[in-house]
Structures are given as C-alpha cells and as structure tokens.
Amino acid sequence: MVNLEQKTAWKRGIKMELTHFDENGKARMVDVTEKQDTVREATAVGKITVSQAVYDAIEQGTVGKGDVLGVATTAGVMGAKRTADLIPMCHILPITNCQVHFEMAPKELAVYCSCTVKVTGKTGVEMEALTGVSVALLTIYDMCKALDKSMEIGEIYLQKKTGGKSGLVENIKKGVQ
Amino acid sequence: MVNLEQKTAWKRGIKMELTHFDENGKARMVDVTEKQDTVREATAVGKITVSQAVYDAIEQGTVGKGDVLGVATTAGVMGAKRTADLIPMCHILPITNCQVHFEMAPKELAVYCSCTVKVTGKTGVEMEALTGVSVALLTIYDMCKALDKSMEIGEIYLQKKTGGKSGLVENIKKGVQ
Amino acid sequence: MVNLEQKTAWKRGIKMELTHFDENGKARMVDVTEKQDTVREATAVGKITVSQAVYDAIEQGTVGKGDVLGVATTAGVMGAKRTADLIPMCHILPITNCQVHFEMAPKELAVYCSCTVKVTGKTGVEMEALTGVSVALLTIYDMCKALDKSMEIGEIYLQKKTGGKSGLVENIKKGVQ
Amino acid sequence: MVNLEQKTAWKRGIKMELTHFDENGKARMVDVTEKQDTVREATAVGKITVSQAVYDAIEQGTVGKGDVLGVATTAGVMGAKRTADLIPMCHILPITNCQVHFEMAPKELAVYCSCTVKVTGKTGVEMEALTGVSVALLTIYDMCKALDKSMEIGEIYLQKKTGGKSGLVENIKKGVQ
Amino acid sequence: MVNLEQKTAWKRGIKMELTHFDENGKARMVDVTEKQDTVREATAVGKITVSQAVYDAIEQGTVGKGDVLGVATTAGVMGAKRTADLIPMCHILPITNCQVHFEMAPKELAVYCSCTVKVTGKTGVEMEALTGVSVALLTIYDMCKALDKSMEIGEIYLQKKTGGKSGLVENIKKGVQ
Amino acid sequence: MVNLEQKTAWKRGIKMELTHFDENGKARMVDVTEKQDTVREATAVGKITVSQAVYDAIEQGTVGKGDVLGVATTAGVMGAKRTADLIPMCHILPITNCQVHFEMAPKELAVYCSCTVKVTGKTGVEMEALTGVSVALLTIYDMCKALDKSMEIGEIYLQKKTGGKSGLVENIKKGVQ
C-alpha cells in the first residue's frame, strides 16, 4: 500500500535520531532558538473514500446546497492554526498562509484534500499541513456520517516541503496529482 | 483499497439526508435537544506506515528510551477531548472515558492505533474516537519526522459503535485486529 | 437608537442584583448546582452595515463564488461553542443545537444575522447566542475588510429566550424581522 | 445610522477584491509571507446600551464593589489574543500590546469601549481590536444580564489603523470621542 | 514542611492503584460512564509569598488602583474551566460554580488563595479547584514580576472535597484559615 | 519558609511599578512593541510532596509501567505553550524550546520539576516556565490522586532567567539542585 519514492536533498545519511527526545530518552521540544528565520512551505495531501450516496451529496453540495467542502475548508484552515495546541512537541508558528483544496475522484468515490502552509520562521510547517488535511477530512466525515458510517480516511502524507536545512523534500505517489 | 463490509442495524434505508444542513442547504449543528441520554461508545482505528529506522526507534522507545507511543497516547486522549473545538458542527460532549492503544505490525512496518470513547449523552462519540486516532498518529509522525519524511497515515475508520438510535454499527476490515 | 419594548415574565420586580458578584463585590460564577435541567433556547440577532461594493460581493458570493456567509456560519457556530472560554463567568454548557442564519437587507446595505442555541441544562444560552452572532459578524468583517474598512457591527441583542426560571423573554425591535 | 467619513490613504481605488477567496471563490488565508514586518496599530470602538439600573450598578462597581469593567477589561484583552482561534481566516499574530478602555455615557445610558492593539508583524491587527471590543462588551452583558435582558451592543467599528500598506485609516463618527 | 492530617472516609484501605493506567501500565482516562451524577464540591488552597513592595502594591490595588487580585480572580475562574484542556487525563466537566477568594497575610508577606468548584457529575472537581488556584497565583506573579522576581508559589493542596464515592476528604493544615 | 538570595543585575533600584497597570490603575498588557528581539531563557522549578505509596508508584512507573512522569512531561510542555491563553496579560510568544525534567527526592518523598523555556522575542519567558512547572505538577497530582489526596504542590519559583533588559536573574535556594 505504501509506494513512495522520495526525492530529497534531506535523505543523505544525516545523523539518524529522534530529535524530540533528549539523551535520556525524555520527550522535549526541539530547540530551534539558533535557527534562521527563512521562508518555509509544506503541502500535505490525503483522501476520504465514501459511498456513492455521500459522493453525490458532496458533489451536489458544491454547486447548490449543503456545502460540505466549504465547511471542511474552513475547518482545515482553523485546524492548521491549532497544530501547536494538538501536537505536544510542535512549536507555535505564526503561519503566513494556509490553503485547503479538494478534488473529487469519481472513479474511486473519493475526495482528495491538499493543504499548503507557509511561514517565515525557524522551523517547518509540515505538521500544520498534515493537521489541516486531517481536520478537513474529519469534517467531511462528520458532515456526511448520517449517510454512511463506513467512510475511510487515508493516504495522508507530506507531498512537498521547501525551505530550511533539509531543503526540498518531495514524495511522489503514482496516480495522485 | 476500500473493502469494508458493514454489519449494521443502521443501514436499513433510513431517510438519506445530510443532517448537518437545513432545508436551504445551510450548515448547522444537528438538534439533539430531544434525544435521550444513553450510554454510547465508539472505537476508531488507523495506522501509520513508517521506514525501518522509524519502526525500530518506536519499538525500542517502548522498552527503554524515547517513548513515542507514550506521548502519542497522551496527545490522542487530549485530542479526543478537543473534538468539538476542531470539527465545526460537532457537539460538546463530556466524554466519560477515552482509551488509546497501539499495536506494532512489523511485517507492514506500521503502527496501528485504536481509540475508544464513551459518553452518557444525547449523541454519539464516533468523531471523538476518529479525532483521537488522527491526533495520536499525527503525533507519531511529528516525533519521528527527523528520521523519515515519507511516512503515511491511513485506514482511519470507525470500527464499532454502540448506543443511540443507530444501535450497533460495525465495520470489518480483513487483516486488521 | 435603543427602542426596545420588553415583553417578559421576567421583568416583574425580581430582586435586582448583579448575581456575578458575591456579597463583597468579588466576581464569581453564579452557582447553578441546585437548578433543574430544563430545555432552554435563546435567539440573538445583530447586523453589519457595509458599502455597496461589499454588499454586492457578499450577495454574489452566496450564489457563485466567495461564500462569505458560508464561512461566517461556520465561525458563528464554532464561536458559540467557545463562549465559556471567552466570557469569564459563563458556565460550560454542552449545547444541543446551534443555528446561524443571515438575511440580506439591500436598502440598508446590511446583513442581519441571527443565532439560535438550545441546551438541556441548568442555565440559559443567551450568551452563546450573542457570542455566535458576534463571531459571525466579525468574520464577515474580516472576509470583506480588503474592500471596506468603515463597516459597522451593531444592534446585537437578545431577541427571544425560553426555559428556566425567567420563562419567556422577548425583545421586539421595529423593522427587524 | 451609518455616518462615517473615511479619511484614508487606503481608499484610492486599489484593486477591489475579496482577498480571502482564491480565483475559484474558495476561502483561504491571505498570503502575507512576503510582506514586511512593520509596526502596526489599530483601535476599535463599540458600546453597550443598558437600563438605568444596570448603568448605576456598573458605575458603582467601578468605585466600590462588583467591578464589572475590571472583569470586562481582562476578558477583552484575553479575547483579543484569541482572535485567530475565532475568526477562520485570521493570521496568528504575537501581539505586542493590548489596551481596553471604557467610558461611561450617562445621557445615553451607555458604556463605550475602545481596544487598541499593536504588533510588529506582516499584517494588521484590526480584527484583534474588534474582537477585543466585542468580547469586552459581551462580558458586560453577561455580568449584568440578571438585571436587564434588553441591553444592546452596537456601533462596533474600526476607529483608527496605522502601519502596513494601507497606511493611516481613520473613521470619524460624530458624537463619539 | 508537609504536615497534613487527613480526616477522610476515603483512607480506609481501598484498593491502591493508579487508576489512570490500565493493566499494561498505559495511561488512560478513568472510565466514569457507570458512575452516578451526584453533587460534588472541592476546595483547594495555595499561596504566593512576595516582597514587601509587592505586598503593598497588591494591598493598595485592592482599594484604589491596579487591582491585581481582581484580574487574578478572573484568571482563576477561567483557568478552572480550562482544566480538561490542560491536564491530560481529566474529564470535561460542566462545572456549575467556581469561586476564587484571596486573603492577605501581612506577617508572612503572603497572599492566600482558595478556589471552590462544584458540579453535578460523575467525577469530582478537585483538579478544577487546584488548577483554579494555580492559575490565579501565576497571574499574581505575572502582574507583579516587574517588582520582584523571587516570589514563590506554594502550599497548594486540596482542603476539602465532598460528594462521590470517597465522601468527605479534608486536609487540615495548622495556621491556614 | 521563603529563603531566597537574589543575585541579579535587575535588583538595582529600577523604577518600582506594576507595569501591568496604566496610570489610572487599569490592567493592561505591557507594550513591548519597541523592544528588541533577543534570545531569552528562563528556568522555573517546583515540587510535589507525596505519600510513600505514591512515591513508589511514580518511581516504578518510570522503569516499567504507568509512566506518570512521561505524561506529566507532555502536559508540562503543552501547558507552557498555553501560557498566553491562561495568564490574562501575558504576551503570545512563539517559544523556540521547552524542556521539562523531574528529579526524585526519596528522603523528602518529593518529585522536583524544572521547566526551561527559550524564545527569540521581545519579552521574557518566565511565565511560560512557571506555567509549565505548574501544569506538570498538577498532572502528577491528577494521575496519583486515587492513591493519596493529601499531596502538596509547592516551592514554585523562577530559578534563572537570562536575556532582555534585566539580564541575569538567579534565585538560589539551599537544598534544591
């Protein structure tokens, strides 16, 4: 199921460690005090697979009534802003941009979501992008769960990341734009 | 990829509608004022697929140092409690129990997460369970992202739900405990 | 500017005191421990007056693109749920319903907002309704402030309240639906 | 009711668009990544109109017991800090100052509130100032609602704004200081 | 330094275990689903020891200007309401009352704080009372830290607790009212 | 009980005032707009005194099961990030590091906690460090309160602070590491 090629300047054998733990294995925030403020950007993606009835309801909602994706967009942006409240060791980042987009995939009966976040800061925004996608997809689930309780959220991963020490990171999955 | 059988008292052709929208298609909370307070329970599951290096780091962490799953458990419980803050149309529910568990799947290089939530209330807790799983898995991602930026979160769905009008809902996926 | 008639069972000379202060004038939550759980409902209203350009943009948004009122609806519902976080002496209430509606008033170049909240609880939800209206109108302001910085939010008041000791409270303003 | 003159460098026919929507009309945060960090300041005002009994209670509270305006000041400052949590497309801003002030208007039986916020940042703080005023006035309402349920909150607008691309923006209303 | 007598129905050799961990030692919320809704109340106390200059500033503030204790009261009540957001395994409780009080101790140059919280619920409110005291005392520290950076917060403990399975719990400390 | 020597560049008779109040004694945030962004660091400490049974349970938890201190570490870091939400006049600070550590003191039956926070910003992080310690100790209390309801939290103070106008501030207490 996992079939990712990774093209990245980052994967060059840099010291392998879980930076969120100190030398005694205790959890901690990573110290970014000395890092430079640079422009950083991250895009995460994910999808929710639904029944035909839900798919139709979402699609019609985008044209006329019951705008599921509109509510999910708002929730995704707000969720991205709450990342540091949710993920214990995440830094508080005054993000400068957040965009949530959806794409309907009729053959799969899926809705794809992407979330792009930017910041000028000392650390990256991949967690914000991933959290934005997760909250947006959970919101679709919530809005449609009266129709279908077997929906599945999945394939959430970092698509692209730029800026900071690790430079460009890109995960290419076949079949997903 | 989606292969769910649904055994449910609920799927009996009840009026199909997106209850989160009014007759004009405007988003709203569902009115549960008149519903009974009953015991309700929901279990959601999901997984994160990681590299060998991350898998080993997590596994060792659970025995000696760097307890990734401990932090993720805490984050999952706290995330479940924040559901109404994150998901726009979710009700505020004073949940009475929340359990987050993990299971290591060495062949898949995956960590499975389940979150079970209970409440005595007027509406169910499936969103709390799904949010708990999502936040727990995002936390694993965050704690390990220095080692691997191609991790993937997926297969998040409602495993089981009891109580309330829809009674027992169960989604059986092959190969997942 | 204030021209309210008040039809209310409540205005019958009940002991006049600021219940949010103790006998020494210190702020406190009102003790509702002994009160009954009853169904309570409140509707608050308010409006935002805007320029012609903003009015048109909002109106077009509701039919085609740039759905200002959709985002404001979501924000209003979420804001109502955050009332106890914002208003110091407000009780935490697991509200059972929240509806935000808008009405366009072309002659006034205004958008009217109403927010109705319900709960089965020991105290009323008028603060939740008023907070929902306020956050919804602030969101309209935010979404349109690139076009107009002289918008004005006003006429926020409790329209109707039922349930609890004070029974029916209704404030009638001429000219507002 | 709306009678604002606008003296502003900003109102010079700059491209009229709702910047909170992309080219497809989807809601988004405005991208401020490339903007300069400059000192920005905004003052918003508003008022609450109350009964004589409430007016007297508030006024006495400021001298001896039951300090309504003290609680409302605290709530206003805390509310301004929560702006990005409440208003969906608002940026998280580490504001550097927030002042909430009240003025009693005995002839109108009103309490005027002003909130001034500063930041060194990439975008302005008018939403923080407006949110601070709104939360402060809602808090007055809450603290006094046992005495009067026909209070009205209104005339909330941006009084002055400096810094950033739009420079000085000032809204003059007659009769309000 | 610790000199507590404990008069309690609770200390009767009930099964000793950390209920916040399951049989595998994993952290969890305690399951209170089956417990009765009863009236529960808890009072916690604590103090902050300050310099003479701070002591005088606080004392004068309570009569004329600079109301440190007023702000701390508000913060304490709001903090008590945020307990479930802060303490990972705490239940969300719709508390029905919260009172924060201060007492000046001139000989010790200390300010004592007590916080009493009530709820009709399935579990007790001692964490809410303790959190209310802690946040109130931290707020005093914050408001006075320009004058003194050697203040000390201490002697925070549960003074009294009623309701629920453990019945009356009382901790008597000599010399504290 | 308070026995602090203070070695500090700061205690040199600088103008004594409560900067959190304006000239009329009204509470406000301190205006830090014009201050420089410099690296600032603060360490706060505190302790919880427990029964032998709790002490043993905590100590065993750190080696095998029931990791009280692990949960408390996570809570402390998350609490430090919530400081501006809790303490009314605190600035929002995008802290760049947060470390929570514990030390067991078997003779005293106490657990000592320290929290170190860093930021590159316009104001210091002592409140974040003190809040982190307080929330961590409250979490220990919560996790162990089924075993002992007479635990006491105390001796919370600022141990060390560097950066900013006041330079080095250090509070030395005998007997604490």
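Per-chain numbering from 1; labels A, B, C, D, E and F assigned in written order.
Following the convention adopted for this analysis, a residue touches a chain if its C-beta (ideal position, glycine included) is under 8 Å from a C-beta of that chain, and two chains touch if they have at least 3 such contacts.
Just so it is clear, the model here is predicted, and its values are computed rather than measured.
Visitor: Measuring centre to centre, with centres taken as mean CA positions, what chain is farthest from chain A?
Guide: Centre of mass proxy via C-alpha means gives E as farthest from chain A.
Visitor: Could you tell me the distance, in whole angstrom, between the mean C-alpha positions of chain A and chain C?
Guide: The computed centroid separation for chain A versus chain C comes out at 34 Å.
Visitor: Mind checking the centre-to-centre distance between chain A and chain E? Centres are C-alpha means, answer in whole Å.
Guide: 39
Visitor: If a residue has to touch 2 or more other chains to count, which residues of chain F qualify?
Guide: 27, 30, 67, 70-71, 74-75, 78, 82, 85, 88-89, 92-94
Visitor: Viewed as a graph of touching chains, is the assembly arranged as a line, ring, star, complete set, or other?
Guide: Shape = other; not a path, cycle, star or full graph.
Visitor: Inside the complex, what are the residues of chain B that reach chain C?
Guide: Going by the criterion above, the answer is residues 22, 26-33, 35, 84-85, 88-89, 91-94, 121-122.
Visitor: Name, in rising order, each residue of chain F that touches chain A in their complex.
Guide: Residues of chain F touching chain A: 39, 70, 73-74, 77-78, 81-82, 92-101, 118-120.
Visitor: So in the complex, which bits of chain E are touching chain D?
Guide: Touching chain D from chain E are residues 67, 70-71, 74-75, 78.
Visitor: Which residues of chain F touch chain E in their complex?
Guide: 1-2, 4, 6, 8, 10, 16-21, 24-25, 27, 30, 46, 49, 53, 57, 61, 64-68, 70-71, 74-75, 78-79, 82, 85-90, 109, 126-127, 130-131, 134-135, 138-139, 141-147, 149-158, 161, 166, 169, 171
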